[in-house]
Amino acid sequence: MSSVFGKLFTVSSWGESHGKAVGVVVDGCPAGLPLCADDIQIYLDRRRPGQNALVTPRMESDKVEILSGVFEGKTTGTPISLLILNEDQRSHDYSDMIQWYRPGHADWTYDMKYGFRDYRGGGRSSARETAGRVAAGAIALKLLSQVCKTEILAWVSSIGNVDSSMPIKEVTREAIEASPVHCPDVRVSKKMESVVKDAKENQDSVGGILTLAIHRPPMAIGEPVFDRVEALLAMAMLSIPACKGFEIGSGFAGARMHGSEHNDPIFVEQENFHTRTNNAGGVLGGISNGEDILCRVAFKPTATISRPQETVSRDGEKGTLVAKGRHDPCVAVRAPVVVESMAALVLADLFLQQRARIDLF
Amino acid sequence: MSSVFGKLFTVSSWGESHGKAVGVVVDGCPAGLPLCADDIQIYLDRRRPGQNALVTPRMESDKVEILSGVFEGKTTGTPISLLILNEDQRSHDYSDMIQWYRPGHADWTYDMKYGFRDYRGGGRSSARETAGRVAAGAIALKLLSQVCKTEILAWVSSIGNVDSSMPIKEVTREAIEASPVHCPDVRVSKKMESVVKDAKENQDSVGGILTLAIHRPPMAIGEPVFDRVEALLAMAMLSIPACKGFEIGSGFAGARMHGSEHNDPIFVEQENFHTRTNNAGGVLGGISNGEDILCRVAFKPTATISRPQETVSRDGEKGTLVAKGRHDPCVAVRAPVVVESMAALVLADLFLQQRARIDLF
Amino acid sequence: MSSVFGKLFTVSSWGESHGKAVGVVVDGCPAGLPLCADDIQIYLDRRRPGQNALVTPRMESDKVEILSGVFEGKTTGTPISLLILNEDQRSHDYSDMIQWYRPGHADWTYDMKYGFRDYRGGGRSSARETAGRVAAGAIALKLLSQVCKTEILAWVSSIGNVDSSMPIKEVTREAIEASPVHCPDVRVSKKMESVVKDAKENQDSVGGILTLAIHRPPMAIGEPVFDRVEALLAMAMLSIPACKGFEIGSGFAGARMHGSEHNDPIFVEQENFHTRTNNAGGVLGGISNGEDILCRVAFKPTATISRPQETVSRDGEKGTLVAKGRHDPCVAVRAPVVVESMAALVLADLFLQQRARIDLF
Amino acid sequence: MSSVFGKLFTVSSWGESHGKAVGVVVDGCPAGLPLCADDIQIYLDRRRPGQNALVTPRMESDKVEILSGVFEGKTTGTPISLLILNEDQRSHDYSDMIQWYRPGHADWTYDMKYGFRDYRGGGRSSARETAGRVAAGAIALKLLSQVCKTEILAWVSSIGNVDSSMPIKEVTREAIEASPVHCPDVRVSKKMESVVKDAKENQDSVGGILTLAIHRPPMAIGEPVFDRVEALLAMAMLSIPACKGFEIGSGFAGARMHGSEHNDPIFVEQENFHTRTNNAGGVLGGISNGEDILCRVAFKPTATISRPQETVSRDGEKGTLVAKGRHDPCVAVRAPVVVESMAALVLADLFLQQRARIDLF
């Protein structure tokens, strides 16, 4: 089940970059959630390419159509099928992509695994596949928002060697969206823009790091041992194309610390339990404790670059490839809405599985 | 299914720290694999506490018993049930643990989720649960070793601020096991020992980072989109107690790089395709390309420390906790065999799912 | 996951009777299988209503569109999304269906479960949902046919009290399709037609029984204990709307027999093992033995009838309902292609899971 | 996952007939359910062989031990591991069973699938494996009993050609247990005993049919389309060794009826909706409507008989087998507690998945 995600809130993703459409079937969304195409479109619009000079010029209107599962403005509890037509399948000379394996891409491994591949624009391994995830995530986000007032924000906190040190509590949706690189920190956003522009002008690309903050997550979700909140978030993030790393709370820096610094002291405020610090990142033993869930997610530089690169052909011939076609110089810039969507899918699924106590039936 | 892992090679883990036993049921191992208790015992012995002054003094012989699924020295294809009795359940005063929530532990979240908990030694959230995973991993490792000659090595590459820069290709099983801190790099192993000892003497603990190298992994495994090799490895690692971060290949450092540095050039040697560098970490588009799979895994400092810590009681009373009982000052030191086991479980499962091409039937 | 079926060959079904479309996503089909829309259309045409006086007059062209997963005439190993637009959504007065619960239908239970429902034409509980299953089944059938030369035939063997005693080995696809009631037995087909016509004229409906024969099934598939061939076939059949019973081999009649009659003697012919009788129905211990897999599947009479029936309204008011709208007087007549499709989905999934022996790697 | 059953209430079964033990791991049982070994032992005692002359003389005390998941008399929400030691592994001459395939048994198919098998007493395909299911079912039954007052009764309603026509509402647990053949109908129980005794004396065996009645099932459980109540019950029943058929409500007889007879009229009594008849068997559209869930389950005659039977050896040699060893002349007699247990596992799992309406959160 390579393309099915989730146990009770289940997402089945389909579609290739240059096929007729991409889409997703969401099964297991409870009935009665108000939902219309616009609720989903907002997220697709945030993901959509062609918005400014820092992202790929491919133009897609990415209009979502709800084909099932919604009746009279509410979900019915039955599968919700979402369709997004591919429009800008630019007529293009793919002969290079048929022949030569692009370094950093899945051309080689798809051919090994499947014997052949849809080579147009990366086929299934294209980042275009994430449109379906974002559409599904929009539904999960609406569900979480309705039942727990959960808010999920992801933003760019590093590009290349430019880092933001903005405190998480100051980050707002508005500030994220106001920045062309989706970095809410006005002190560094311009610098990041320069880094991306420079990479583009140099026919190169650059990597970046996202921060993910989940405010008011459902309490006590997560299944100990394997289906921990952090384990499923890690899986969800590493399933995004170009993602190379994930950390929660203190993360890799936490491995440098002592227990006496790292342990988050617990206190009570207005009858609720809280921690003074949040090195845990909102989970203890795999279970959410109600504090913000905080993660960081690393994205490599876009694999497609226009510089000549050493590679081989399908037949094992040595050669040099100069990639053509449109691409983002920094995939991290477009990743926030995908990261938010994947986080929402994990949380919605764990939330629905939460039947842990017989005294709550 | 909090305690079931894998789709075809399925592991069902059970057991609490101070219950009668811990164990695991492995379902889906192909028939005909030579297997005896000693094959598993080797791995449990590597995991076992009580080995030296740097780990917990809890004494467990951790003798594994195979209760089913093996006949005349070979697996039968039916579920393999493995049992490890708990021996050293030291009679202990748990009154503090009943009452007070230990910072950095799951006491609080278990109580929230389940209404009550087995408070003896952390119950199910104890690292003792990983004994079952290691037992299951031993079978997965033997399977991979037989069919692909796969070798999986994990070792400590950082403790606190002491880092090893030993080249991965020089690391051997012998060197790992020769070090009390499981760091094969003789130049820094002693320094790491000091850091752990200092932490212990200071009634404190310290974190660490592991490197994981998978040599000769099965080719072309991993399912695009959600069940990518790196996504499942991330999930597997973040499901280990105290794990806070995961990266593959270039990881977080890759987010600082340009595409022209990051893309691994492809070349052909003796009719096999290889990459000159391995920033990808052995996967492209979620599918293994045959190069070493390389990851790093971050572990926080042990949560149990003997210093006084601010916390609250079940009933919300403020207080100070001084933890008693035995514990490891650095969980990372005992983690390598657990990391190897989890990696093996992921690979064995993906390997068995590999039916991607109709021309191979 | 109410609408997802299968572990490796996974089908995600979506769509309501009077929504925009119905469809299915097939994930896990191996790459390299030749596939075009016509391969699927043949099966949908067999299922399509409006073919003769014995079935519902609803007119649907049921044209399938392949939206993904096929490239240059072959499957790529990625999800195959199939779309079937709903055309004949006759403008209709649904006020009765909103208000009154139709006996034998799911109106009542959908309202209980979901709080409200898409009442147009039965919504998700409509037999129209089976169009997606048939489309998916067509792919499974093609896969099985290519790799094992498997042939799957289902036909009507009883309608009301008219039974066919035609030997299974004499049944052909042609004879099934030549009969308006899909009974290949010319001796009783006409009588069955009369029973259906009488039911229709009497504003009534009638039930029927199907026989399912799977010739040349994959050998040694089926997982002992829970995922037995017969267990998954039973699940698949009972998941078809209106299905009330399933039996394999001797079935309920076998419960009347003695062991000495029932046990199928084993013999060898041209180095292959066979059984002289087939009371087992092609499975022993849940595993296929290579003999024909033989089942029978019972369908109740269509719930929608035009006679007045005692019922209640949503609000609990007593009343009498006279159903309007188009319907089949005997659902069994249209069920063979659905039964074949579900059988194919079970077999394809078990076939792909077949990694039981290490000596076969 | 041949030996794992259920999505949220997950059962992992293991163990062979003549291995050290059989057992089960139950994962997903909510915390707080009072549970002790005696709760489970009652069910195992009902299943236990050696009780009277009509069943196998194998003597097993079948004492269950709870190894995990229960603390201070209540479930903790973590996996419950149950162990049942095998005691009466009579030293036995298995040379015939190694060599010759027993007709009606899985010897042949296990060898095909796995290359070899544990031939002692049928190994994994032995009915002894059901001890684990019964132990797991006991927990599911206790859960259902606590949260819904559900009662599940199964009994023998036919043996050979002797049928009981006792009304379901008159059947009690006491009457079932009072009968050596588990038929509560005193008018026919003696006749059934004779049929079984005759079969035994004739070195033969005989089949039987069970009726299953689920009183006060959870309301509105069952997931439309694939995970219908009846689909999962069918799968559960056909997964029991020797089961050949399943029907719900009107079943195969319903296929003989007209819609006007079959549809169950709906009425209201004390603000609850009910049906006047119950041809539906308690489910509409796959969802429970609150009426009794009524099924019938067919069991073939025991495959092991002492008469000479035509068969072949592993190597394809023709021969005649006369089975030795202990066996039940009628497996149906011992099946009721297994049928009840499997039904309980299905219902508990669907009950925990029931998160269908956002207005109920």
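Per-chain numbering from 1; labels A, B, C and D assigned in written order.
The rule is simple: a residue touches a chain if its C-beta (ideal position, glycine included) is under 8 Å from a C-beta of that chain, and two chains touch if they have at least 3 such contacts.
Everything quoted here is computed from the prediction, not taken from an experiment.
S.K.: Which chain has its C-alpha centre farthest away from the C-alpha centre of chain D?
M.R.: Most distant chain from chain D: A.
S.K.: Please tell me whether B-D or B-C has the greater number of C-beta pairs in contact.
M.R.: B-D
S.K.: Could you work out how far the Cα centre of chain B sits from that of chain C, in whole Å?
M.R.: So the centroids are 45 Å from each other.
S.K.: Taking each chain's centre as its mean C-alpha position, how far apart are chain A and chain B in Å?
M.R.: Using C-alpha averages as centres, the distance is 26 Å.
S.K.: Between chain B and chain D, tell me the centre distance in angstrom, where each centre is the average of that chain's C-alpha atoms.
M.R.: 38
S.K.: Send over the residues of chain A in touch with two or more other chains.
M.R.: Counting only residues that touch two or more other chains, chain A contributes 1-4, 7-8, 13, 31-32, 77-78, 113-115, 124, 224, 356-357, 359.
S.K.: Provide the residue numbers of chain C that touch chain A in the complex, in ascending order.
M.R.: Against chain A, chain C makes touches at 1-4, 7-8, 10, 12-16, 19-23, 25, 27-28, 31-32, 65, 67-69, 71-72, 74, 76-81, 83, 113-118, 123-124.
S.K.: Can you check the complex and tell me which residues of chain C touch chain D?
M.R.: Touching chain D: residues 1-5, 7, 13, 101, 103-106, 108-110, 112-115, 124-125, 129, 158, 160-161, 199, 202, 204-209, 219-220, 222-228, 230-239, 241, 243-252, 254-260, 262-268, 271, 273, 275-276, 279-281, 283-289, 296, 298-305, 307, 309-312, 316, 318, 332, 356-357, 359 of chain C.
S.K.: Going by the contact rule set out above, which residues of chain C touch chain B in the complex?
M.R.: Within the complex, chain C touches chain B at residues 7-8, 30-33, 75, 77-78, 143, 146-147, 224, 352-353, 355-359, 361.
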